[in-house]
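Pasting in a structure now, in structure tokens, and then I'll have a few things to ask.
Order as written gives the chain letters A, B and C; numbering starts at 1 within each chain.
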Amino acid sequence: MFNWLQGEQYLDTGWIGIAVTLMVVTFILVNIRRANKNADSLFIRRISGLNAIDDAIGRATEMGRPVLMVPGIGVLDAISVQAINIFAQVTKTAAQFATPVRICCANAPVFAVAQEVIRDVYTQQGVGDKFTPETVQFISDQQFAFAAGVSGIIHREKVAATFLLGAFYAESLIFAETSNAIGAIQVAGSTQSTQTPFFIAACDYVLIGDEFYAASAYLTRQPVLVGSLVGQDWAKIVIAGMVIFGTLFGSYEMTGMTTEHRTDNQGVSSMTPVEAGPDGTVTPERVKKSDTMVNRFFNPYTPEELVTIEREKKPAEPEAETGGGGE
Amino acid sequence: MNNTIFLLAQNTENFWRKLPGQGLVIWVVIGLLLGIALLFAFTQVPSNLRRWIIVGFTFLAGLPYVLAYLWPKPIGADLQNDVPRNLSEQIGFTINQAIDPVGKITNVLQAFLLGVGIFSLVRVHITKVRRKSENWGFSTVLLVCFALMTTVGFMDWRQRKFMDDNGLLNEPSNWGFFQYANDLMFEGMYQQMDSAMFSMIAFFILSAAYRAFRIRSVEATVMMASALILMLNLMGALTYAWGTGIESLVVQTGNPFFMNFKLNVMADWLRSTMQIPAIRAIDFGVFLGALAMGLRLWLGLEKGGVSS
Amino acid sequence: MTFWDKMQKVDRRILYVILVVFVCTGLFIPVKIPVEPDPSSKDFYATVMAIPEGSTVLVQTDWTNSTRGESMGHFENLMRLLMSQKLKFVFYSAADPVAPQVARTVITRINAERKAEGLYVYQVGKDYLDLGYFANAEATNTNMGTDLRQAWANRTSKVPEGGEVDIFKTDVLKDIRKIGDCKMMVVVTASASIDIAIQRLANKVPITAMVTGVTGPGVLPFYQSGQVKGIAIGLKGVYDTEYLMANGINISNGDERPKVTWAKTSSVDKVAEGKTFARGNQYYGTLHVALVLLILAVILGNVGMFMSRRATRKGGE
């Protein structure tokens, strides 16, 4: 009936991934709606790294030194946007105390967005004149030129606090150790799980994994953000349930025996019979991980007849000139 | 040199792409005029409506990706040469063909924004030099290097691209001033400084290990022990010698259980049973967070911060 | 202040000097060390060696000179492997505009090395293509997965016969209509560009990776799940690959036991031609020295902490 709707991504079990994604989306939207109706009913636990923000700014104000913020070196994506959202909150507090702010960017689009957002924050706080070209700076889009530039600012301006939130790579330890050397309070968080250990070794407070995304909900308590966070938690519970079910069911399946194994080659699946012995008898073999139904949930079984479709070709067009052809 | 490659010449025509020729030029002109008209129209929009324009554009920009994810993609289709079999496939073809132009629009926007970034960099440092603020000497070095590298890099590229049909400049013996200057500044200076900055991490790791890696609790002891196994496993000589010892022990005792104590076996177990699941769990949280963030931005649900 | 208290507050510059002296010494003593290659390295090697001669491989090279200690060894090994297997390849970068230039320099050097050994020299436009840098990794990988011919439309390459032709008319890409027609995609990187490649392309083309030691653990979950077919990780991965190129898997020399054994595959040959032990061999000894130093630093730091605590306790009694 739905033959006309058959698409590459829906073949065999392909629809499961899309269904799970849509379920997560529904969880988030439903909870945002719930939160909009009654925000107080939803609870978020304390995040110690974020409690430290006010202390850090207070210290910077007392010392009369700037607060440094770096939104990572990633491109303009959800991570950088989230970092800028957190920095907007930090800047709001800093602007109230007239504490200077330095935001260093390694990506031009991130810089352009950060500049607009932070300028708005200053204007809303009624101290628009305190926003200078040094407040938000583009340093370099080359990783270590950026690392050198920011380390220079940390040393020269003797910043009192550093906020390193976003996508960091090898430069994470350079920033963290340089700040440590001048005794700045450090709050850090990276979505790169491989950089988190470096931050933990060298920083005072670290946001691990999705705490980074929870930060703006925690700081602002906006119903949309709180609701979205609760939706994410629902999704995590379902995923944990799927992991437990998958582990048990997959383990059970692998105790069975089979006479054919699944093989995949260039996106085409097939079943290969177990080779017969010298006397022609086929001895069943233990089910492999790739033969299980749990594996099939994530890797659709797509035999030749399902993925080969003959289509008419467009009539050949006069060839467009591409390239110089040695002219 | 054929100029068509600079005029968005496309090798196949579809809804999103036009073949070179008069038709293309007309489309480019219409697009340009439309863009300018829109720009002026936006400046006249009252500020309470601006948010909705931004939300609208964000939604439109994300729509092709969402549709491409959800709408059935024609199975095994050659998007350039095949003819769609039915309406569903026709829509699928159009959506998937839209992915490329939308991606390229973001690239064009990024190129413009790079200009904004460079403007900020130059403005900050020119101001410092003009006011003779503290450390203005460094700013002078930055500005001079910036100008030199840009000029030398551009001239070298220009000469290699347009004045060297036979590839003579690939041989250092044929180099002129700009090739030598580019080599000195890019290979000789920039690349080496890049490596030097990265190498400094070794020092930081050593001092961080000395300072922070202390056995203060049971958890810290467990972590230290597993870190030690992983570090020892990186030393091939030690792993090999240890493994040979274990193998001879197994031969002597006849008990294969000892094979579990080979360094590489222990390290593999730690990685695949402890480290990978932990990273995967953190990744689940991170990607769910990214999905929620993307969804809020795309649907314009966020207020304040970037969305205001 | 006791000796141990002083050790607790040792000037970090002293640690730095010790590190420089020991690491530099190690660099001058290249030793062929027997190793047990990691399973992920064996999988990487076996995957490359299984590709039929003359096939096309995509190489996304996203490293620059900063991580050359690891990534340059990886890239050199990859080039030697592909060239000895007579595979065609396309290289480009989706992460850093500097990366293609660094890759070009390596290819020139490997070609010179092959010329000196009397082996076939790879030619641009015939055996490999240089597509340069693509901005925006997300969009680049998505476009490549949706329609490779459209994503790379209008790109031209110099050819050995002279002049420039459309890349899809060269020997390297003439039979490639979609990304699945390429036998493998290798990502050589020091950043999360491998994550993006996996997200966008893992179900369209077999992906393998050569990554730095720090990036490695982040990619391992995808290796365990089968989305990445094999990974060479860090300097150990560089040396593993060289060791595998020289010894193969389950290949015995006469009566001798195979140097590398693996239950997962039957046997994988050594490489047929060219250099095997190179940069990995040169640096691997240094890694040993650096790790010993690091372990010593941790032990000393802890012993110092215990001793000074004990001294404080005694003083308090």
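Heads up, the rule we're going with is that contacts are C-beta pairs under 8 Å (C-beta built on N, C-alpha and C of every residue); 3 or more make two chains touch, one makes a residue touch a chain.
Please read all numbers here as calculations on a predicted model, not as lab measurements.
**Q** Using the contact definition given at the top, which chains are in touch with both chain A and chain B?
**A** Common neighbours, chain A/chain B: C.
**Q** Which chain has its Cα centroid closest to the overall Cα centroid?
**A** Closest chain centre to the overall C-alpha centroid: B.
**Q** When I count C-beta pairs in contact, which pair ends up with more: A-C or B-C?
**A** Between A-C and B-C, the larger count of C-beta pairs in contact belongs to B-C.
**Q** Let me check something: if the centre of a chain is the mean of its CA atoms, which chain is farthest from chain A?
**A** Result for max centroid distance from chain A is chain C.
**Q** Just give me the whole-number Å value for how far the CA centre of chain A lies from that of chain B.
**A** So the centre of chain A lies 14 Å away from the centre of chain B.
**Q** Take the average of all CA coordinates in chain A, do the same for chain C, and state the distance between these two points in whole angstrom.
**A** About 25 Å separates the centre of chain A from that of chain C.
**Q** Hey, how far is the Cα centre of chain B from the one of chain C, in Å?
**A** Those two chain centres are 18 Å apart.
**Q** At which residue positions does chain B touch at least two other chains?
**A** Touching at least two other chains: 5, 9-12, 78, 80, 110, 194, 197-198, 205, 207, 209, 213, 279, 283.
**Q** Two-or-more-chain contact residues of chain C, please, as numbers and ranges.
**A** 64, 66-67, 136, 153-154, 156, 166, 217-218
**Q** Check each residue of chain A and list the ones that touch at least two other chains.
**A** 77, 142-144, 170, 193, 322-325
**Q** Where on chain A is chain B touching in the complex?
**A** 4-11, 18, 21, 24-25, 28-29, 32, 76-79, 81-82, 84-85, 88-89, 105, 107-109, 111-113, 115, 117, 120, 133-134, 136-145, 147-148, 152, 156, 170, 173-174, 177, 191, 193, 196, 198, 201-202, 208-210, 212-214, 216, 220, 222, 224-225, 228-229, 231-232, 235-236, 239, 306-309, 311-314, 317, 319-325, 327
**Q** Write out the stretch or stretches of chain A touching chain C in their complex.
**A** 74-75, 77, 142-144, 167, 169-170, 192-195, 266-267, 298-299, 322-326
**Q** Which residues of chain C touch chain A in their complex?
**A** On the chain C side, the touching residues are 64, 66-67, 98, 136-138, 153-154, 156, 162-166, 180, 190-192, 203-204, 214-218, 225-226.
**Q** Can you list the chain B residues touching chain C in their complex?
**A** Touching chain C: residues 5, 9-12, 65, 68, 78-80, 96-97, 99-100, 102-104, 106-107, 110-111, 167, 186-187, 191-192, 194-195, 197-199, 202-203, 205-207, 209-211, 213-215, 224, 228, 231-232, 234-240, 243, 262, 264, 268, 271-272, 275-276, 279-280, 283 of chain B.
**Q** Which of the residues in chain C end up touching chain B in this complex?
**A** 10, 12, 15-16, 19, 23, 33-36, 38-39, 64-69, 101-102, 105, 135-136, 139-140, 142-143, 146-147, 149-151, 153-154, 156, 158, 166, 177-178, 217-218, 220-221, 224, 234, 236, 239, 284, 287-288, 290-295, 297-298, 300-302, 305
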